[in-house]
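I'd like to ask you about the structure that follows.
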Amino acid sequence: MAEALFYALGLTALYGAGNVIARRHALVAAVHLALTLFALSGVYLLLGFPLLAGLNLLVYAGAILVLFLFVLLLLDVQRDEPLPLDLRGKLGPAAAFLVGIEALALAFASGEGPAEEGFRETTERAGEVLFGKYLFPFEVSGLLLLLGIVAVLVLARRGERRAPPPAAGPGEASEPARMAEVRP
Amino acid sequence: MSVPAAHVYALGAALFAFGLAGFIMRRNLLVVLLSLELMFNGALVTLVGAAREHRDPEPSTFGLFVVFLAAVEVSVGLALVIALFRLRQTLDPDAAAELRG
Amino acid sequence: MNPVLPILVFAPAAGAAVLALAPRGGARDPLRFAFGISLLPLAIALGLFFAFDASSASPQFPFSTAWFRSGGVDVRFAFGIDGISLLLIALTALLGPIFFLAAPGHIAQRRREFAAWGLLMQTGMLGVFAVSDLVLFYVFWEVSLVPLYFVIGIWGGTGRARATTKFVLFTIAGSLLLLLALLAVLLEAGTADLFELARGRRLLPASIERLAFLGFALGFAVKVPLLPFHTWLPEAHVEAPTSGSVVLAGVLLKMGTYGLLRFCLPMFPRASAEFAPLLLGLGAAGAVYGALLAWAQRDLKKLVAYSSISHLGLVAMGLFAREATAVEGALLQMVNHGLSTGALFLLVGVLYDRTHRRGLDDFGGVAKSMPLFAALLGLTAFASIGLPGLNGFVGEFLILAGTFSVTPVPAAVATAAVVLSAVYLLGAVRTVLFGPALPATARLPDCTKREAATLLPLAGGMVLLGVLPGPFLERIRPSVAQVVERTRALAQAEPARPEGQR
Amino acid sequence: MSVGAHDLQAFAPGIALAVGAVAVLLADAFARRRGLTTAVAAATLLLAATLALRGFAHPSGEAFEHLFVEDRWTASVGLLSILSALAAGASAAGTFPAAAEKPGEFHALLLLAPIGMLLLAGARHVLLLVLGIETLSIAFYVLAAFDRTRATSVEAGLKYFLLGSFALAFLLYGGALLFGASGSFHLGSVGGGAEPARTAGACLLLAGLLFKASAAPFHFWTPDVYEGAPTSVVGLFAASTKAAALAAIFRWSGIVPESVRVLSLAAALTLLVGSVGALVQTSVKRLLAYSAIGHAGTLLIAAAAHHNHDPRAAEAAVFYLLAYAPMTLGAFALLARREREGGRLEIEALAGIGRAKPLWTGAFVLFLASLAGLPPTGGFFAKLFVFESAVRAGLAPLAVVGVLLSVVSLAAYLRVVGVAVLSAEPRPGEGPTAPGPVAWVCAAAVVGLGLFPGAALGRLTGLL
Amino acid sequence: MSALLPLLVGLPLAGALACGILHARVLVRRHRDPEAAANEALVGGIATGSVAVAFFVAVLLTIRLLSLPPEHRRFEADLGTWIDAGRLKVPARLLLDPLSALMTLVVSGVGALIHLYSIGYMRRDPGFARYFAYLNLFVAAMLLLVLGANLPLTFVGWEGVGLCSYLLIGFWYEKGGPADAGLKAFVVNRIGDAGFLLGIFLLHRELGALDYASVNEAARSGLLPANAATGAALLLFCGAVGKSAQIPLQVWLPDAMAGPTPVSALIHAATMVTAGVYLVGRLHVLFLAAPAVLLVVGLVGGGTALLAGFGALAQRDLKKALAYSTISQLGLMFLGEGAGAFDAGIAHLVTHAFFKALLFLAAGSVIHALGGEQDLARMGGLARRLPATFLCFLAGAWALSGLPPFAGFFSKDEILGGALHGAGAPVLGALGFAASFLTALYSYRLVYLVFSGRENFEGRPHESPALLLHPMRALAALSFVGGALAWIPIWNRRPIAEFLAPVFGGNEAGGGAEHVLVAVLSLAVAFVGFLLARRLWMDRGLAGERALARLPLWRVAAAGGVLDAFYRGTVVRAARVLAIACGVFDLFVVDGAVNGIGRAASAAGETLRLLQNGKVQAYAIGVAAAAGALLLAAFLLGGTR
């Protein structure tokens, strides 16, 4: 039963993934990514990783995808991609690569027996790792968060907070001109 | 439950491959970012498979970091996409091809 | 610890630094200043020449201080000269002042830069001959290259950028292979002292010896330049200003032959024996080929450039005869070539400064209006073609006689070059000096005092070396004997391969 | 299970930088005085440099549950990154208006990036490797796009981001495979395990690292990003990313089977791309980007030598990094000044600048000479030691490829020098007259290393 | 006594230097005052004086030499070491033995006379001092050539005289012709000299020693292997062929007549061109050890004597006719040496120096009187106008023709006698007699064409001044008595041969009735030649040879430059084409390869630029492909484990 569910969820995830890369409209693709993520959370749960499943659902499906949709709507791009036209050139190598990876993965099957049953990771054990061995990375990821904030501040904040610095004399004035000049 | 580890790995590999293909093919930067998430998820599934195979909580904890990283990546990526969109009014990745040669 | 060699080497660099740092307009006549500075190495070199102990083959006037250790090898800031270096230092020191003395005729702009580069080049070249450490040698080897790049590139003719780039790339390509080989030797031998390397009884492993020899030989062959690697030279000469050509031909090319003698022969005796036939052949073929090419030229500078290739092919042949007479002759011929080819370039420069032309056909009957010039050109030409009584003969004679005594065929082939040299050089002299004067060149003013001052020391040197080669040969004899003995003895002791023994 | 004083000491420079970054942001947010952020950032960098130097003198060894190691290798790479950040910051002051608009963010990024380098250099665990890469990458993505009103800057940032993330995905996937094979993320035990996964994982991991080092054929991002990014920070990209990535490659590439051949191949290819690519460029900035690729190739030679059991390859590599940092930082600092003064960066635009701006040109030519590896500059000895290491490790053919391709790269530099110095007519006007303090310091370092290589090399012992 | 030896070389050298400095002064003055002439008396005095003093020193030394017992007749002067490098040692040592003493006497004696003549001949020439500097330098070099105790020193002189020859042929360099002729002379000589050099190298390789005594001794004792002896002798003879203008290198000498006539007399008749003869004599033991080469010497000499005799016969240019005559006579000398009669060859060298110098000087006088005219067609009937010159010329021609009582008869007789005795006797003898016949024929042809018959010139020629005539008279006297040096039939003494006996050993060839037979035969041949010439040309001018001139052989001989044209068409052109081909090869193949590398690198760069197309997804493909390639590489490479 659980096995069947695993395969069902896995196929769902793959179905979603396929649609992410194959659907013409970005919004549709995003929705399909959500489908994939949900399915994957189910897989994690099935495999015995409830914490990961939950976080995946919360952070990924909850936060990240919402952000995506938000941006999609914000930018409001109406035009669809000219997808089929472009697929022709790129499908070949992609397919080849895909087949390669698939073959590689299937190769794992050759030597391995079936996985043990009844494995279940508890939140406690995850916590032990996270705050024990992984304490340092955990702290470092705090820095990453800080970096993310700074990044968004720099890149997305509109408007000037301050007047241009006095040092910028003639260079400032010629800024647009210079932009145009920087060409390969 | 007795799903072979290989099948979990296969799922991860497939997701990674789908993501890879999407990353390369899609002409919409946001979808490219989505594809990137697929690749990350491929890695994540593989981590889970490894954790299960080795009965070790470390990879799955690692997986938490992957989710976290994905979040940071997406925020930075979206910020960059927005910045570009403001300048170019398009999400076509090839619009950012002024630098070349 | 005798600081005379570092002083000799770095005095010009100090002068260059003064020039570079002097405030704008501070150096009123930079060329004269540089000329004055360059007299110092000349004076020191003369002193060294007379203070030199001619009976000894060991390095003299040593100066050594720690520099750095790399990979267990002590690389030292070490100087020291034997007879081989002494002669070339003397040549370099002599051409230094001439470089600056000749410059006012053709360097009109950016004289301060020119003077600074010239002095820096002087340091590089003196350093190459004065150091006794392998790594330091390489540093100077390349340092001497950069100034010439600028000298040709800034003050050269219309195609200067291309020519100077080709020159630098070509020589650097060779140098870098040399560098690799040098590293291999360094690591294998565990010492960077080049006298020790050239004298120790221990040989490198055969496989390394072969490859390292090839690296060294290739690096030096490009510089010399030997037959298939020569095409940069005519181009560089044609574009170079007169002074640049003088130093390029006079000293820089000698760095290649010096390297062959200093490194290739004694450090790789077996490989030298193995490749001697090849290099003898290339040398002899180059001598004839260069002479033929010189004959085919209609541009005076190209003609002299190809004659350089011919002469230096002869030198290379003499070196790889691995016979004392030939090697001494080759060494002497390096100096001879420096004097006579330097003078030839100066003479071509004299004409060029007056007419801005260099074609053979642009001149005729110049002897009438420029008798002193004619006399000097004649003297130089005859020195260059090896007329007995002038310097070229002694070198050529020794090279050919020595080579003939071990391998007659290349020597016999190279003798053809001696005939051809008369054909092309005297042919050019005939065209330029004699016959009815062309309207354009009928009233050229004769050499000025300054020009005469650049040429007369060289002319004096040609006569002196031709009549009295003794003091020079005497000083190089022990060093050369040591090189040849080691090269021969070790090549025979452990043959690298059967057919390596000629 | 807890973090002790030893651990803190091992990561002291990183901690200082992190605290400094927060302080800078706070100072920027609350104190309205201009210059305060700059002062705090500079002080932090100096402090961190001191700590790194101390770490170099007395390395703390493994820390944080063996995830991280502070040895002299880590410390030297950290020190280099910190000093590079300092130089980039100094170079940006006065030449980069966008940074002056957001000094807090700019300086915070400058402070945070070296933390990533430290982590990358000292990581003995895949997770830390990933986090290190991510830290430095995000900082650099943002720095590349910092001039966000300029399309090329944003393009550079976006390309950097997309490709960097793409490569990170590979690295992550590789790490996962590695664990699947060996049951460990730790450098000490990650190498073993079941076969296809082990090799595949190791290769994907290495691919991620090679990408960061801009090794061919993972180099594609480099020219575009270097060209588009703000000039004053490109030097930092070149100097420190390479250092950190190389540090990790030194540590990690042993897990790949036949690592020597793989690295040799990558080195040769990288040298080829770097030198040949530089040959045909029209923009100086882009030319220097290709030059950076080429230098990565030379460093990969050292890595290959290291994995071919040359005990001194690491010294050579660190010396190389030490010499490379000032030359590339100096060169980009000069370009940044020129850009600021309205000068264009096309090679042709430099025609005759040698006469108009002799000092600036002199410094630039000096850096180019060092990049080309001519004595008496630091670049010469850097190349010398790497090639020496290669020869010692028995990789002479690789060294031959290296030297022949460095002739090609010299040709590329000579094109610039030829236009700048050899052309006859002086062009009046545009461009700065003085090289500026950063370039001066870098030039001094370049020449100093060229004259007294022993001073640095003698201290680089017991690195790994 | 030997301390005086260096003076022989030193005096003319010092003279050359002095004249050179005076010339420089003239040049400087000319800039200020174009009219200021050189102090010709001073220059001429110094130049002539130095050679004359050298001559007296030589006389003094020769007298001292004769006072010694025959086996000790040698003075050596050691001036230290010139070259000492490795195995090669060249001491600066001068050697005066009978052979070099004889040569020295001839060179300095004839040289002094010609110097004297030149003072008059070169009057008012702007290059007066330069001329004498060259001429003195020539004498110095020539004396070094003959006095050098070893081959390298001789080679120094050898090339030195070549240099002076070059300079003096091209003395009037403003005209293209002389300059070309000088160049040609030098280059052709160089070809021979290359052989000379190789011969030296071969001896050095085999023996290590290069002084004449050692070489001859080694050849005598068999220390020198026969092959090496043959090779060395042949190579050295190459040098002699070049310098002495023998076939096939004779082409330069007729052209060399472009120089001032005294130069032709001294260098291209009396002294320098005989250096080859001297060299073969000097190394006679070596040549004797190589009989095959000796035969070659004789055949080359004989062939040259015959062919050049035809050449001399057919010339229309007075000086060129004399030049061919010189070649022919040199051939005779070689013929004698080739037959083993070295002393005879040297003896003819001496007498030839007298009468050929005389002929040239007289010809110079004629040319001088005719304002530079050299064409025989524009002469005739000059005996009345230039009686003194006529007599001198007649004396010279008489001597040349080999009719007694003038010198040529006796020395030529010696050669013919030797030729009939040596190896290859019939051939060499026949060549010798044929050449003798031609000699008489062309000698008198010149006399008749120049001095008899109708006056075909313009203007009113005057007899030359005493300064020109006195040297001629002195030489005429020598041409007359010189024969006695070779052979005094009455007592059957041969002074020169006896004088040279310590060098060549006793020569038993000739003597007795057989010798008389040879003498009579040669006399007859010469007389027939004289009669024929008289019949053909006396009072008839060139009309006399109209019938002959139609013969193809005559035309070939008259053109003179058949071989010259042949060389120009083949050897020179081939070399030239080779040089240009090398130039093309160098430009397109050697340099082309170099530039090709550069272009290839650029092309690679351009390809790279195409890949770097700016599209981020293309880059991603690259990265992914690279990762794939890396995987593939790792598996393939790792598969070996």
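Some points to look at:
Labels A, B, C, D and E are assigned to the chains in the order they are written; within every chain, residues are numbered from 1.
Everything that follows uses one rule, which is that a contact is a pair of C-beta atoms (placed from the backbone, for glycine too) under 8 Å apart; a residue touches a chain by one contact, two chains touch by 3 or more.
Values in this document were obtained by computation on a predicted structure and should not be read as measured data.
With steps allowed only between chains in touch, the distance from chain D over to chain E comes to 1.
Chains joined by the most contact pairs: A-B. A summary of chain positions shows that the Cα centroid lying nearest the centre of all protein Cα atoms is that of chain C.
Using the average of C-alpha coordinates as each chain's centre, A ends up farthest from chain E. Put simply, the C-alpha centre of chain B and that of chain E have 95 angstrom between them.
Averaging Cα coordinates per chain places chain C and chain D 42 Å apart.
Taking each chain's centre as the average of its CA atoms, chain A and chain B sit 4 Å apart. Between chain B and chain D, the centres computed from C-alpha atoms are 26 Å apart. Residues of chain C in contact with at least two other chains: 169. Multi-chain contact residues of chain A (touching two or more other chains) are listed as 90, 93, 97, 104, 108, 112, 133-134, 137, 141, 144, 147-148, 151, 155, 184.
Annotation for chain E: residues 598, 609, 612, 614, 616-617, 620-621, 624-625 touch two or more other chains. Note for the complex: chain D touches chain A at residues 1-3, 7, 11, 18, 21-22, 25, 34, 64-65, 67-68, 94, 97, 100-102, 105-106, 108-109, 112, 115, 119, 125, 127-128, 131, 134-135, 138-139, 141-142, 145-146, 148-152, 157, 180, 194, 196-197, 200, 227-228, 282-283, 286, 339-342, 344-345. Per the touch definition, chain A reaches chain D in the complex via residues 104, 107-108, 111-112, 131-137, 140-141, 143-144, 146-148, 150-151, 153-155, 160-162, 164-165, 167-168, 170-172, 174-175, 178-179, 181-182, 184. Of all residues in chain B, only 20, 23-25, 32, 93-94, 96-101 touch chain E in the complex they form.
Listed in rising order, the residues of chain D touching chain B in the complex are 126-127, 130-131, 134, 138, 141-142, 145, 148-149, 151-152, 154-159, 161-162, 165-166, 168-169, 172-173, 175-177, 179-180, 183, 185, 197, 223-225, 227-228, 281-282, 286. Residue ranges of chain B in contact with chain D, taken from their complex: 5, 9, 12, 16, 19, 23, 29, 32, 36, 39-40, 42-44, 46-47, 49-51, 53-54, 56, 58-59, 62, 65-66, 69, 72-73, 76-77, 80-81, 83-84, 87-88, 93, 96-101.
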